[in-house]
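Once you scroll down, you'll see the structures, which are given as structure tokens.
The two complexes that follow have chain A in common; it is paired with chain B in the first and with chain C in the second.
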Partner chain A sequence: MLNKESGYVKKELPGNIAKIGTVFFAVGLILGTAGYFIEPVRASFSYLVAFMFLVSVGIGSLFLVALEYLAGADWSTPFRRVSEFLSSSIPLLIIFALPLIFNMNSLFHWTHTEAVAEDAVLQGKAPYLNSSFFIIRVVVIFGLWSLFYYLLSKNSRGQDSTGDQRLTKRNIVLSGIFIPLFAITATVTSVDWLMSLEPHWFSTIFGVYFFSGSVWASLAALTLIVVLLKEKGYLSQRINNDHYYSLGTLMFAFTCFWGYIAFSQYMLIWYADLPEESFWFLQRWTGGWEYFSIVLILAHFIIPFGALLSYPAKTNPRRLKFISVWILCTHYLDLYWLTMPNLNVSGFVFSWLDFVFPIGILGLIILIFNINAKKYNLIPVGDPKLQRGLDFTLH
Partner chain B sequence: MNENKNLYGVTALFDSANEIIHAAKEVEKAGYKNFDVNTPYPVHGMDRAMGLKRSTVGFFTLFFGFSGTAFILLFAYWTMSVNYPMVIGGKPFFALPSFIPVTFETTVLLGGIATVVGILAVFFNLPSNNHPLHDTDYMCSVSNDKYGIVIEAEDPKFNENEVTELLKRLGAKKIHTVMNPGKESFPIFEGRFVVFLILVVLVVCGGTYFTLNKVLYLEPFDWMLEQDKLIPQEKSTIFTDNKGMRTTIEGTVARGYLPYPFKGQTIPTETLANPLLPTKKVLEFGKGKFLTFCSPCHGNYADGDSRLHGQFPNPPTLHSARAREFGDGMIYHIIVNGQNTMPSYETQTTSEERWAIINYIRALQRAKNAKPTDLQEVQKELGVNVK
Partner chain C sequence: MEVDYSTEAAVVEGNLRLAEIDRIISRPIEERPGKKYLLALSISSSFLLIGAICVGLTFFYGVGMWGNNQPVGWAFGIVNFVFWIGIGHAGTLISAILFLLRQKWRTGVARFAEAMTIFAVMTAGLFPIIHTGRPWLAGYLTPYPNQHGLWVNLNSPLVWDVFAVSTYFTISLLFWYIGLVPDFASLRDKTISKVKKTIYSVFSLGWRHSNRHWQHYEKAYMILAGLSTPLVLSVHSIVSFDFATSILPGWHTTIFPPYFVAGAIFSGFAMVVTVLVFVRKVFDMENIITLNHLERMNKIILATGMMVGYAYGMEFFIAWYSGVQYEQFVFINRAFGPYAWAYWTMVSCNVIFPQLFWFRKIRRSVPAMFIIVILVNVGMWFERFVIIVSSLHRDFLPSSWGMFVPTLVDLGILLGSFGLFFTLVLLFAKTLPVVSISEIKAVAPGSQPSHAGNHNE
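Take a look at the complex of A and B:
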């Protein structure tokens, strides 16, 4: 009965999606492992970028799910499952973090006891920046996220068969707990994995910076998949321009938000010009990194800003697909720009490894999505907000 | 066709959002163009029901927003780099990052204000703010809990009876005819209103002045002003001589500030020799120091064209025969001692900086008084044809 209302008939995704995912993942896994034996340090850094991409899309998507519940939004209900599926990588994070944890010595300067012994600054930070506390934080945070992922998605899926409205209530409460927790844990994660690569540097806005990029990329992934699925007829055909427009507007908003945060971080450091802060940006302005910085300003803010400004851009499926792919690539570049200059301090060094890991991670995301899409409905057919979500009009 | 010249239109009230959407659809289908819908809140799907095209207001906003961007960037450039250039925090005169916040704000502000004013101007037909629907029962109802539609008499298809019939058929609860207001009056220009405006301006200005200059210095607000710290030029109770600013111990020599042996002489009998060679590096260094310390009065090229707009007597050009014949030591002497109205720059510059400045002044002098032989040398050095 519910399925009829939404006009949704469950269809299997085409089989070659699983094939593409497997091939990508296998290529990433094999070449990545090979690369690790050739250049272990470079491979660790390269993999860290890819891993952070997985983290940011995963938790960004879970944040979007929680936000929908908390804000009582109904427009996004017809495709909330897409975000749920994207966040299903969260329970796996701890496994994919293992290679990094085993290579902490190559990644994090502060793990070298002899370096810390000579360095008053690092000694001061040692109560926080030490290997055992780091691992505890990682386990606790990934565990918490997994817990919330598990509860939120279990309730959401439970509704498919029962249509029980209390589950929505329960998820609203869970979201209310998750979002403040998410603010803290996402900040800690970004500080631990990215900012502490340069343990002398500090920026209090760093967590927000990471959050803005993370939600931006999650929205792009959501938009891309929604447009693709809708076009191929896997989602309800009643998803219309107004849904697209809202997705586009959110991407636009987070483009501005990222620009605002990135600029705030830059301007305060530029203005005060304190050597202990400004060196981080100077590193990213020498030896070829300056081109990355310029491309980042253009590709992460100016181009998407212009591309998403007008109404047609936010409703035209082709443009939406293009800009979503653009955003995902740029988010990867952003993480790359945060990470890599800490390895190649004096200047950019090319390595084929940097292309291997993103392919593997992409394959992984596709695989996980496909498995979920096989098992569960692509539309939350039992959600009481679904009807209103499908009826959604803007003006 | 409309026979009654004074008729503005026919209004109808409905009870629910669904009814008004249906009514709007039907009125549009019936071929009416000049009709409008008034609801207590934005009803989703109304644009489509009324057959409205996308509004072009966005372009208006965009245009004014970008005007704001352009205006404020030019304004910042003119004030900060042309009219009153000042070195702030060692940043360049045109320090773009520090202008970004104000650029953003002006963009948003101008875009926003222009849009609101533009919309008001168009809707209210300013300066008149009289709309026939103002103060009607209809307006009171639709700004409370009813949903209204009005078909204007200007519509080419308008016929009072037909329109009333149509609205009745659609299930309207109340149908009224609305007349145009008889006399055009502009309440904005009424004496009472103008006086009221002036009063508002006076109260706001006075209140702001009073708050910022008086209230904020009253008891609980002035806490930040009371600080247990030494304020320059103020007396201190800590030291027996009550001087807040301490002098250095007798005989202290600061790094880079070697004492000058001929200090205080007006016409020095002896001067120092320049220890620095005019290498590229020294000239670059001297240029920076000259631009910082000397150029505000002497001008960027030592022409004596100060940037101080008469707040300080203009110095003479340093390209005069007199200044060119000064030995390096003499200019050094002037920097340390000052000369007549020119103050001493002893405490601001180290001796190395002074010599570098002098080398740079020499380069300027040579450039302003270049001889043909100089040109030939440049040609040789650069391998180009300089005219």
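Take a look at the complex of A and C:
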């Protein structure tokens, strides 16, 4: 059921996108593997950052899809597919997690039994922080996400040919189940892969912190792709300034949300100044890490806040493209800042490896997106809310 | 009922003409109060009177009239403060955040919720002043250069509270009043009484419904919405700092700010639903405050209830995960200690019962939602009780363990706070339009030409 009014005609993406994706991915894969043989520990940490980026954009995008269904939003329907395609990396996560699982010893201090034996605190955490339970959690969580990705996207695509409203209903129910599960699983994932890198440290807000960055980056990826595709004529031409404005507003809102969460975490730990909590921030305030911390405040909050505050900024395609790329880079920096000081505790150490893995992951995301865009419609042509979404106006 | 996802539900039902909307909303103001109204007012003002007597006793004899002791230095006074501040969150959320999110249905409930915000913040603001036992010294809470050289301790979150709450109150009041200006003008044009005409004229600030007026109005409204949004979040965040900046196990935890905000919205919406269920019935406003409105609010209650549940779970998990024995003790003590009954009341009212809102039938059933929102109100009061009292009552040394038992004065003041709040709500319902006349007209079916040009196809 093709919607005539949408002005959408399916076009193949240009062939060089696949080439770019393949080259990037190959560069990442080859140099990353080489790096692993040169500096295995550094490579593991470096790869963990890139992997967490893949995770956060993947599940953040799936969350946006589920949120649209559950909230009954219509304005985002014309480009919901973009988020669906971005989340299609989820079933692959388990494969890309394998190198990390095989290198748990270099990543996680708590896997060293002799270190745990001498450490009463880590002994107390052993029922949760142990290798076998960790792997079980990873498999169960990635499995659950894959299942929901599969069901949600299958129903959405099925609607392209049938236009069956019952599929919308079914996806609403699925989203209702997914979002609470997502809250728990995303939290566990952030605790497992990021917080437990420093197994002595703890913070109740950490899951929310990860969530805020994840959705922020997913929105940026969505915005970037929507603007690019719209400009090149791959999406409906009825996507207008009001859609752009809404995307910009959401990025702005999540900029503030991240700032709020990051501030809450920092301020409360700083104010109470308990040694078992504050050492984590002190690590990020020595040996060059303090520059990362300051840059993070500026780049992750202050600059996007200013750049997205005004109405014209949120509707200007050039500004949106620039700030989306900015946000994606900054989100990477945030993950880097969470991860790397656990390896280089005494101070920042430069390594070429840190640039290899993001290139590979970027290539992977491009490749997966391209494959999906070839196979499926770029807008959900059979979705009952599509017309409403195209008619969307702010006033 | 099957839902058609290709169309949007109308915000105003019953095909009301614009004049009918005017009539329905302004009728409660024009009619003389009935017997039921006077009965309700007398009950709530009796409660208020009881509260006033108890506050008088407190001022005369001192805070010793309360159940507070060592180690429970904070109890009902702070519980009630946080509870009422929380109630005051729904109004601005509806009027500001839902406005920024372009949720047109907000118009039906915004005015009443905003009024409730103002009254709740007023009620809440009394408690810290009462708690000091010396209200005549409250002026020193504001920093001003005085002869004594006294200055507030700006390091203290309690002082941040003074700023946060007073700013919030000011902005909420302004926001509410700006929204009322066009309605005052409508009432002014409608009324035949000279006295009323004068009063409405003064408050309508010379409003003539002109194009230029509306332009300014919309700009002001947008700016105030933008200002209020961070304020809503900041107020309860700062209230949570009162606890979280300390090093007391059970209070010091990083999730407190978003957790308190979610809880505040949760309890605020519950209170708004509690009251609106009556308002729409008594004032025949079922076509303006529709079941769809209530259903949407119930969805927000469900969502924020789950956020609160997430925070409970996370606190528990991290208390164990942290390996800090004091943290662990506090949470075990909460769930299985002498205040376990309060803890489980909180968990069941806030996390378990709202799950019923997953079902469309229950979300749309007035009696069912009424029971659930009352339970939420109870649960949220107990949440603050659990956080405050159960963290304090067993200090680090077993020699400083104790129990808190409220006195009659404590209970009287709690009752009085409800009396104050509902008296103000009742007076508001009879003196001002409880729904924004102008905004409702703007969202009534057929009022907005569609830009896409394919309206009503």
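Note that in this section the second predicted complex is superposed on the first by the 393 of 395 C-alpha atoms of A that agree within 3 Å, B and C clash if a C-alpha of one lies under 4 Å from a C-alpha of the other, contacts with A are read in each partner's own complex, and residues count from 1 in each chain.
Note that in this section contacts are C-beta pairs under 8 Å (C-beta built on N, C-alpha and C of every residue); 3 or more make two chains touch, one makes a residue touch a chain.
Because the structure is predicted, anything quoted here is derived from the model rather than measured.
Three-chain overlay on chain A, with chain B and chain C in a clash. With both structures placed on the common chain, the touch criterion links A:F202 to chain C but leaves chain B unconnected.
For chain A, the partner touching the most residues, choosing from chain B and chain C, is C. After overlaying the two complexes on the shared chain, residue contacts for A:P180 are found with chain C alone; chain B is out of touch. In the superposed pair of complexes, A:W352 makes contact with neither chain B nor chain C.
Of the two partner chains placed by the overlay, only chain C lies in contact with A:Y128; chain B stays clear of it. Contacts of A:Y150 after superposition: neither chain B nor chain C is touched. Residue contacts after overlaying the shared chain place A:Y271 against chain B and chain C alike. In the superposition on the C-alpha atoms of chain A, the part of chain A touched by chain B in one complex and by chain C in the other spans residues 267, 271, 393-395. The part of chain B that touches chain A in the complex is made up of residues 42, 44-48, 52, 54, 58, 62, 89-91, 97-98, 100-101. Those residues of chain A that touch chain B in the shared complex are 263, 266-267, 270-271, 273, 309-311, 392-395.
Residues 3-8, 100, 102, 230, 233, 237, 241, 244-247, 252-258, 306, 310-311, 313-315, 318, 321-324, 358, 450-452, 454 of chain C are the ones that touch chain A when the two sit in their complex. Residues 72, 74, 120-121, 124-125, 128, 165, 168-169, 176, 180, 183-184, 187, 191, 202-208, 249, 256, 260-261, 264-265, 267-269, 271-272, 274, 276, 384-385, 387-388, 390-391, 393-395 of chain A touch chain C in their complex.
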